[in-house]
Every structure is written in C-alpha cells, then in structure tokens.
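Here chain A shows up in two complexes: once beside chain B, once beside chain C.
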Partner chain A sequence: MKHIQILLIAAFVGMCAAVTASATDIKVIANPNVGASSVSADELKGVFLATKTSLSDGSHVEPVLEKDGPVHEAFVKEYLGKTDSALQIYYRSLVFTGKGSMPKTLAADADVVAYVAKTKGAVGYVSAGTSTAGVKTLEVK
Partner chain B sequence: MRRLNITARIWLSVGVFILGYVLSTALSQIQGAQARASLRAASAALFPAAQRSQEAESAFQRMVKSFGDAVVMQDPSALDRAAADGQQVVEALRAVASIPGLPAARSQAAGALAASVAQLLADARGTYGAAVAGGLSAASQEQVRALAARTDEAMAALAKTKDQSAADLHVQLSGLEDSSARQESFGLAMFAATLVLAGAIVHLTIRRSITGPVVRVIGGVQGAADQAARASAQTAQSGMEVSNNAQEQAACIEQTSASLEEISATTRQNADRAAEADRLMQAARQTVERAARAMNDLTASMNLISKSSRQVAGVLKDIDEIAFHTNILALNAAVEAARAGQAGAGFSVVADEVRSLAHRAAEAARNSGAIIERTAGDVSKGVDLAGHAHAAFQEVSTTIASGTQVVSQIASSSDEQARAIANIGQAIARIEALTQRNVSHAQQTADGASQMTSQVENTRRYLEELVAVVGLRNA
Partner chain C sequence: MQVKTIMVAAVLSMGPSLLHAQFDFRIDNRDVQVHSFASQGFMYSNNNNYLTMNTSNGSFALTDFGVNASTAITDKFRVGAQLYDYNMGLLGNFHPQLDWAYGDYRFKDWLGIRAGKVKTVQGLSHDVEDMEFLHTWALMPQSVYPIDTRGDTIAHIGADLYGDIPIRKMGSFSYTFFGGQRPNDSQGGYLYGVDTMSHVPAPQGGFMYITGQTKDVTYYGGPVYGADLHWATPVKGLLLGASYMVQDITTTGHYTQPVVVPYKLTTVTDNATQFYLEYVFRNLRFAGEYRSEPKIVQLNEPNGVLVQGFQDSRSGYVSLSYRFTKWLELGSYHSRYIDNWPVTHSDPRNHIFDQVFTARFDVNRYVDFKIEGHFIDGACIDGVLDHGFYAAPNPNGLAPNMHMLVMRIGYHM
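So, the complex of A and B:
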C-alpha cells in the first residue's frame, strides 16, 4: 500500500511538473563557440548522458546541469527519459567505473547562463523565460 | 621365412600375436601410469587452482559490485560486504599460491596477486568509504577513477589467472585425452599391424608351406598319374602285342622245328651220299691206277715194236745192198755173155733176168723200208700218246684223290652239320618252351597294366578330392 501511495504521489508530482514545465518551457543553451545552431534529441541525450563529447559539426561540448527545480525535472524527464535520482546513480556509476566524472551542477538559471557564457563547449538548459545574453540558444529537433 | 618349416612358421605367427599383445599391454600400462600421474596432477593441483581462481574471480566481481553499490547507491553497509568479499578473494588467491604441485610461476603470480588485491582492498575501503561518507567531491572522484583503473587491472589479472588455471587444467586434460586417444589409436594400429602381420604370415605359411606344396604335389602326382596311365595303357597294349607276337613266334618256331627236322634228315642223307661218293671215288682211283699200269705196259710194248721196226729197217738195208750188188753182178754177167757171143746169148738172157730181179728186190726193199719208217714213226707217236694218256691218268688219279678228300670233308661236315642241327633242334625246343612262358607272362603283363590303369584312375579321383579339399584349383 505504501508503494502504491508513493507511486500515486510520484505520478501526481510528475503531472504537476508536466503542467508547470514542459518542453516548450525549456531552452537549451550553449556557449557561442559551439558551431551548431540546432541539435537533435538523440545528440542532446548523448551529451547529457556523457556518451558524446562533441556534436555532429565537430564542436566539443560538455553538459551543465541545474541542481534541482521544475526545469531540471522537466528536462531530465523530457530529454533524458530518467528521474533525477536515476541520473545521479547513472553519473555515480560512471565515476565508479572510471568512465566519467560528475557533471557541473548549478543552482539557478542565471548561474547556468553565466557559466555557459564563459565556458567553451558548455551546453545547458534554462527555463524559457530566462535571459540568454552571452549564450546561443540551440534548437532541438 | 623360406627356410622355416611349417611348425616354426605357425609358432612365428603365434609369436607375432603374443609380441604384439605384450607390446600393446606394456605400452598401455606405461601410458596408463602416465595418465594416472597426469590425472593426479590435475586433481591435486590444477583443478583446485582453477576452482580457487574461479572463486577468487567471482568474489572479486562480488566485491566490485558491492563497492559499486556502496558508491552508486551511497550505501555504507555495502562496504562491509565488499570487504568480506575482498577478504575471500585474498584468501582464495593465497590458497592457490599454497597449492603444492602447482608450477612455481603460477604460485608466485597468485601470491603477488593476493598481495596486490589485499592492498587494493585496503585502499578501496578508505577511498570508497570517504566517497560514500562525503559525497563525490572532485578529489574523491579522482581517487575513485584511479581505483577503478587499478580495479580493472586487478580484474584483468584475476581473469588472466583464472583463464591460465583453466587453460592449465584444460591443457592437462586435453593432453590426457590426446594421450588416451593416441593410446587407443596406437593400440588399434598395433592390433591391426599384429593382425595383418600374423595374418600375412599365416596366409603365406598356408599358401607356401601347405597349399602351394600340396598343389604342386597334386600337380606332380596328376602329371605322374597321367604319365602312368599312358604308360600302363602302352604297357597293356605292348603286353597284348608281345603276347600275340609270342604266339606267332611260337607258331614260327614250330614251323622252324619241323623244317629243322627235314633239314636234319636231308643232312643225314647228304652224309650218307657223301660216304657213298667216297667209296665210289676210291673205286675209281683203283680203276685209274689199273689203267695207268696198262698204259705203262702199252708203252713198253710200243717201245719193243719200235725196236723191232728199226731191226727190220736194218734187214731191209742189207737186202737193198744185196740187190745192188746183184745188179752189178748181172751187169758183169751181161758183159761177159756179150763177149762170149753166141755161146753166151742164153746167158745174157739169164743175166738180164737176174738184173730185173735185183731191181725188183731193191724196189721191194725200198718200199718195205718206207713202210717200216712210217711204222716206226707211228709207233713213236703211239708211245708219245701213251705217255700223254699215262700222264692224264695220273692227273685223273690225283684229281680223284682230291675229290675223295673233298668228299670225305663233305661227309665229316655233314656229320657236324647234323650234330649242329640236332643242337639247334634242342635249342629251338627250349626257345619254344620259353616262348610259351613268354606268352603267359605277356598275358600277365597286359592284365597287370589294365589293373594299373584302373588304379591310376582311382588315384586321379583321390587327387580330385584332394584338390577340392585344398580349395585352390588355380593356385
């Protein structure tokens, strides 16, 4: 019963998140030195699951994540098909097996924009309403 | 091989069998001992080593998983499980290192790996403990990555150890299997070779020492039987011919005997006639001797006649002289008568008469002398002829003597001939007896030859049976 309640709660929270932040409410941003102006969903997933370190045009990329919040939840769910805890386990297993390191994690949209703007190859995501000065917005196809 | 007798060859083939069996058994014993040693090594050292290596690898994998659980799930309790698993790994590796009979390189490698895993375990305990307790800080991430590399190395080393152990065991067992297979195939080959060799020897022995000689003997005996059959047939025929010839011969001998008797009689007659001829010759000789003596008398008479004729001639000469003188006297008387004229006329006539008588006497004397001369000549011729006749009688006498001698010789020869013919008759009588015996013997020979022919036929039948028994008609 307790499991069912947890599931119900999770489903409810997910629905709320979907209501509060959907794909249209998220912008994918990148450092201006990234050549591409658009990225496919698979490429994006690869970048954020640390299986790709460059885009199809050859530009080097590295993911920047938000620590938590509806945008993070929505992005992880929408583009990576995971929950935040599963993503954390995924990254920790990468670290444990020596295949990668924990990604850069920032607390707010503004921090993300600022970090992306100054870090070459950085790719992040922010809510649609966030100012994107100094970064380029990537169109997700 | 060619010099061995049958027994030796058979024993040779049996010996080859026994030798092959003994060799095969000895080799299988040796290889069995080697296989047991190999199996002992496998069961005492290689198998436990492989098992322990497998255990160590499994425990190491469990340890890594537990450490992974601890780090990934941030679960401190997994650290203890990982430590227990790691200890198990170390113990398993130390056990491998202490297995007696394991190659030194393997033992040393296992011991070194045990030490390195123990070190890794200690380091991992600290690093992962810190990572679990304090989250994955940047420094902690570095340490975790370094540990991950070492873990991979240790995992690879463990896998290598396990694979080597398994490979050792596999090599040992497959060597054993190969050895066993080799032993099997070698035993099989040995058996086959022994079988083939012994079979070949037996085959050759049977063929060369039994079948071959028997077939040769059969061939020889068949040839001999054929020849004997021909010979006995010829003998039978010859016997028959000899018998017939002997019978014919007997008939001829009888004829000869009869002829001989005739000849004997004729010869005796010849002898008799020769004796008679001898007698006749003796008589003829006496007659001739008498004739010779008569001729001698005749010759003497003739000589006397001749002498008488010469005496008559002398007388006739005297008469002639007388007539001559008378004539002269007549002439003288005529002359005297003429002178006496007339007185004398008558006288002159007488004187003329006397002179004519004297003439006639002289003429008669001359005629008689001529006759006597002729007679003397004839008598001389007769004497000569009588001498010739005497000589001829002498020759006849001599010839008759020779003839008598010849006839005597003929008579004695005829006697000898008669005796010889008698001997021949006896010999022919014996020949006749022998011929009769020959006839019976030839008959017996012909009978024997016929029996021999039938015996040869029997021999031939037995040979056919023998050929069927040997079963190598054309060998």
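So, the complex of A and C:
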C-alpha cells in the first residue's frame, strides 16, 4: 500500500513537472522589421506592460500573448513578475480607463509565429522548440 | 429537474465565454476594440440605510454598466470613449453619462499627453475604483474611494501629462500631472447630500447636524490640478506612490427652507495628499493607503451671514488578499475615516471604521461573484459630507454601529 502511495505521489509530481515550463524553455520572437536582435529584460517587461512602445533602436513594437498554457504562465511569471490573473486585471485597468487596448492573444505557438511573421512590430513568445520560420528570435539580456 | 437546473446554470455561466474575449471591428483599416461591463449588487444592513439604499430591508438598487470603444489612429495617437450608467438607491437613476473620452498622444515613453474627459489618477485605484471586476472587493474601502461621490471626483475635463521613466537599478517611475475642471454629477451623492443635509459649522470646529435647512443646489464644479508618482521599486512586487491634489470647488443654488434665498459654498483651501503602497508576492497582495485632506470652506447662512468651516479629514486602509485558485480569492481590509482630526477620534459621530471580509469567485474569465461582510463602527454624523450615511433616508436617526452584507455579480468583456 505504501509503495502504491509513493508511486502515486511520484506520478503526480511528474505530471506537475510536465506541465510547467521555465524561462529557458521560451523563445522571444519578433517580426523581421524589428531592428534589434536583443532586448533587455526591463525593455521586454515594458513592452508587455504597455509602458514601452518602442525598443532602444527605435523600432515600434506591440506585444502578442498566448491565451494560456505553461509557456504563457512561465513567461508572465519570469519576465513580467505577475500571475496570469494579475496580468489580465492590469490590461483591463488600461482598457477601461482608455489608456491602452487588450493585446492580441492567440491560442497556440504556431498561431503566434504566423501572426508575428505578418505583423509589423509584433513581439511574442513561444516554446523553445517551436519552428520560427519567418520571424527573428530576440536574445533577452 | 436538478440535472436540468444544473445544465441551464452551466450554459448561462458559459455564455459570455462563448463570445469573443473582446469585440473588434475595423474602420478605415484600423482595429476598433469594444469592451463592456455590468454589475448587479445586493446589500442588507442590520441598522441604518446606507448609500441612500433601503439596506435595512435588503436592497438590489445597486446596478451599473458601461461600454467603451477605442482605436489607435497612428502608432503614437489613440482615441476612445466610454459611456457609463448606474443606479444606487436614490442616486444615479440610470442617467447615462460620458465616463471618459479623450485623445492620447505619446511622444516618447517618458512623455505623453491626454486631453478630454480623463479619469483622475490618484492613489492606487482612484481611476478604476468603479470597475468592480478589477478588485477583490464588492465595495472598495469607502474611506478613500467613496462610491456615492464617484461621479464628482473620478474624472476631470482637461489634460494629463504622463510618462514612464525606468532608472537603472532604481526600478521605474510613472508620473502624471493633471489639470482641468471637475464635472458635475447631477445624480451623485454630493449634490444629494448638500440638498438634503442640514450641516452648519460647529463652535468647537467641524460641522454639526441641525434641522430646518434644505437647499436646491444647481451647480457644482471648479478647477482641479495635481500630480501622482508611482515607483515600481527594485524590490520585486513592491510599488510605492504619492499623490497631491488641489481643488477649488464652488457649489451654488438656493435655500428652500426656512427662506428662499441664494446659497453659495466656496472653497478657501482644499489640498489632498495621499501615500500608498502595494506588495505582491505570487498570489498574495498587500496594499495600504493614507489620505489627508484639510480644507476650509465658506458658505452663507439663510440669514446672509458668511461662515467658515474647517475640516481636517484623515483616512486610510490596509488590505490583504490571497488567490487560492483561478476561481477563488479571499481577502480582508480595515478602513478608517476620521472626519475632523482635532476632534475626539473615538466619537462615532466623527469616524467610520469598517472591518471587511470578502470572498471572490471567478466563475469564468468574464463573470465574477463576490460576497462580503462589513462590520462598521461609527456613522460620522457630524461630518461635512454624509459618507454614505445620509440623513434623509434615515428619518429616525443613525445608529452608531452597523453590520452589512454585500453581494455583487459582475460581467466584463
């Protein structure tokens, strides 16, 4: 009985590990017209919290988010310092005071890549293993 | 029967999420976003009628809703507007109003300008105090965010200069300088209270109730200007801030009792200072605010004598909330309002202390439900303004303590 309990706990922990991601599992991507090849963590945070509309090289940027999932949760936690619910509240406070709009939000990595590829200034994030044909990868310093 | 009821409830709760997260359309090749919200509340109190609602018998007269549309004309220039409507007891009466409408041009990240009817940035939440879906609470701490005078203080017709300035290793600063005119909410608590209250300056300072004076107020407004500074500190999750505001409000009309003569209340000085902090650690949020607003006003008595009134109000709250799951958040706050600081604080005629416990349930991404208990000590009977405890809906007087249940369901898209 004890062995079964240990196995169940191990399986549960394994499942939890499988659905989480870390910052190292994330790639930040941008439309090819964005001049920069790297971005600081502060700049990235500013872009996704709508306090920055351009990068240090002058490129106008707009954020693209994923709707949910481990990559989204990890990005929001590691780079923005928020939970998803706190981030939604933050964006809604901008929308309902007129100070900003809801960013484009897409369901899956492939959708994010396709949108970033065709949208000038778009910056998004996907899992590290996603094919990023048609977009450039930004190094986060 | 039970299965059918559950299925109907499930479909209703899924309804908003079956709609798109936001409603977009295009005009002249530009994306226009449309968002909306609505809330319905219920309040019951064991004593007193609060916020002009018949809370002593239970009241559903707490409804608000709004819709906004906005678009980016260029990369730097946005325009938008929001319509808002509400009813709260004897206030609001479903008179729709323009909540905000302005153009916003962002020259640089550190400098932008907004002009039009703009929500006033003060403290942590002044510009969003009425968006219930943004908060843990069914009622925001009334000491700092009084819902009954929302329409008179939440926006100004004028302009803001604003910007965000990151400073290496110091975090980032967000500033706002604002100036303009206070618009009048003809259905709001300020005019209702001034019309129906009977306050005169008290010999010992502050104000006191008397009977026999009522007014018909026809104008409220005046210039307002100030500033706010947010500091997102280098300590992860810690935000500090300070706000300052000067108002020069004039209220005019005429007395209806005991004689019909003009009435005029002018501001001699009215400066408000506010300090605040917020700390967020994972799903835990701690917040606190302190506000000081000394003011001197001058008004004419029905017999024509000019009198001055002095008020030195101090208010604040501390709050703690924790999100346990995506659908459950619990929280509590303690809110304090002292109407006139030099007068005895423990006197319930001079204070309102409110201990609150809240449970927020997020049914889905678009619908939330809150249930909240208030344990209120004091009714600020000698206060300059009514602070929710209006004399007219309480003809038998005000009890010094009150327990109150608030429930609110909200929807936003």
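Definition applied: the second predicted complex is superposed on the first by the 122 of 141 C-alpha atoms of A that agree within 3 Å, B and C clash if a C-alpha of one lies under 4 Å from a C-alpha of the other, contacts with A are read in each partner's own complex, and residues count from 1 in each chain.
The criterion applied here is as follows: a residue touches a chain if its C-beta (ideal position, glycine included) is under 8 Å from a C-beta of that chain, and two chains touch if they have at least 3 such contacts.
Predicted model, so just to flag it, every value in this text is computed and none were measured.
Annotation for the three-chain superposition on chain A: chain B and chain C clash.
In the superposition on chain A, A:A86 makes contact with chain C only, while chain B stays out of contact range.
Once the two complexes are laid over each other on the shared chain, residue contacts for A:T132 go to neither chain B nor chain C.
Comparing chain B with chain C, the partner in contact with more residues of chain A is C.
Of the two partner chains, both chain B and chain C are touched by A:M102. Comparing which residues of chain A touch chain B with which touch chain C, the overlap comprises 89, 92-93, 95-98, 101-102. Of all residues in chain C, only 21-22, 33, 35, 37, 66, 68, 70, 72, 75-76, 78, 80-82, 100-102, 104, 106, 109, 114, 118-119, 127-128, 131, 133-134, 164, 166, 172, 174, 236-237, 280, 282-283, 323, 326, 362, 365, 412 touch chain A in the complex they form. The part of chain A that touches chain B in the complex is made up of residues 89, 92-93, 95-98, 101-102.
Of all the residues in chain A, the ones that touch chain C in their complex are 42, 46, 51-54, 60, 81-83, 85-86, 88-89, 92-93, 95-99, 101-102, 105, 121. Across the complex, chain B meets chain A through its residues 67-68, 71-74, 136, 138, 141, 144-149, 152.
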